[in-house]
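Below: the structure, in structure tokens.
As written, the chains take the letters A, B and C, and residue 1 is the first residue of each chain.
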Amino acid sequence: MELAISTAEAAEVVDVTDRVEAAIPDDVRSGTCTVFSPHTTAGVAVNEAEPLLMADVEAALSRLVPPSAGYRHDEIDDNAAAHLRTMLVGESVTVPVTDGSLSLGTWQSVLLLEGDGPRERTLQVVVAEAGAS
Amino acid sequence: MELAISTAEAAEVVDVTDRVEAAIPDDVRSGTCTVFSPHTTAGVAVNEAEPLLMADVEAALSRLVPPSAGYRHDEIDDNAAAHLRTMLVGESVTVPVTDGSLSLGTWQSVLLLEGDGPRERTLQVVVAEAGAS
Amino acid sequence: MELAISTAEAAEVVDVTDRVEAAIPDDVRSGTCTVFSPHTTAGVAVNEAEPLLMADVEAALSRLVPPSAGYRHDEIDDNAAAHLRTMLVGESVTVPVTDGSLSLGTWQSVLLLEGDGPRERTLQVVVAEAGAS
């Protein structure tokens, strides 16, 4: 299953939890749900979708990986920082499925982290059944 | 399967390898074991459970994400740094299962990284069978 | 399935995409492929295998986790920085499998990030079938 997501900003966090939840097939009761970004400048993470925290995420990533720092890859394509941030954040998450739903904690959401937008992005969702252990 | 873990410090690394190993059902011989933290301020990682290294991990995370740095989320809940560290470390790991056991390397352990303790934490363990390839 | 990889440098990025692809069993059409490093000083990531970007990755990791910074673990074994970098990058990736192949994006490759080479490394590949959702 693929989800299509349009991002609106150069750097942006999009809460995709509801769309991932809707992609779980009805016949899977327990297992895992992997959400994978087939992009090198947009990652996926799980954390709290609180707007002030999302501003902190952007600020922290900008501090850890400054937008411009003489990156060699910028000679080819001016987006090295977005690649590096995506490698730090990761391009996928795997969330347990219990009783047919994402087994997220109270404060957790599945987040797309756009690093080189605005773009049309896709996320791949793979749900694997596993016996409840 | 859920594991209950009581953490004792604000920031702490807990080796949960034995408890994860014990959660693998007897009838699964090969596949994957996903360990998922349903928390936004405590992550999961795999590395060496060597006490001096664990002190280095804490120091490195404090340097990369200082405890206080004017985070906006701290206006709501005074734990933005723990959220950000958890996003860097990740909230889950997936480890191969071979011959019914975690297929960890010699120096690897499964680690819970508490970022906002002490707390009662849980970890979700999902074991999915896969034919040995 | 295990892949054997010889690294040639202290720090090095090795594109292992073709070897992972070849490890997918013929009878699996859709599911997930987990690539796991059983090492504590060599990680696995997915991103673009562009040589200048790989130099940027090395420079960024050296800035985030300097080679020597008074690490306590260096009293035991002089490779704390490699442990810390591996924890940031992660020791595994999970990639969807579609139509019997890794479902990577156009610019994505599976990368081994050596942090304490040269060494003989292995990667574990586990492919789990899942119904196409």
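To be clear about the criterion, a contact is a pair of C-beta atoms (placed from the backbone, for glycine too) under 8 Å apart; a residue touches a chain by one contact, two chains touch by 3 or more.
Predicted, not measured: the structure shown is a model, and the values here were computed from it.
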The assertion on chain B/chain C checks that the Cα superposition rotation, as a multiple of 5 degrees, is 120
Please tell me whether the contact surfaces of chain A and chain B are same or different in residue numbering, using the over-half criterion. different
Inter-chain centre distance, chain A versus chain B - centres from mean C-alpha coordinates, in Å: 19
Junction residues of chain C - those touching two or more other chains: 64, 88, 90, 94, 128-129
Touching residues on chain C, where the partner in the complex is chain B: 1, 23-25, 28, 34, 36-40, 64-65, 71-73, 75-76, 80, 83-84, 86-88, 90-92, 94, 124-129
The chain A residues in contact with chain B across the complex are 30-32, 45-48, 50, 52-53, 55-57, 60, 64, 88-90, 93-96, 98, 103-108, 128-131, 133
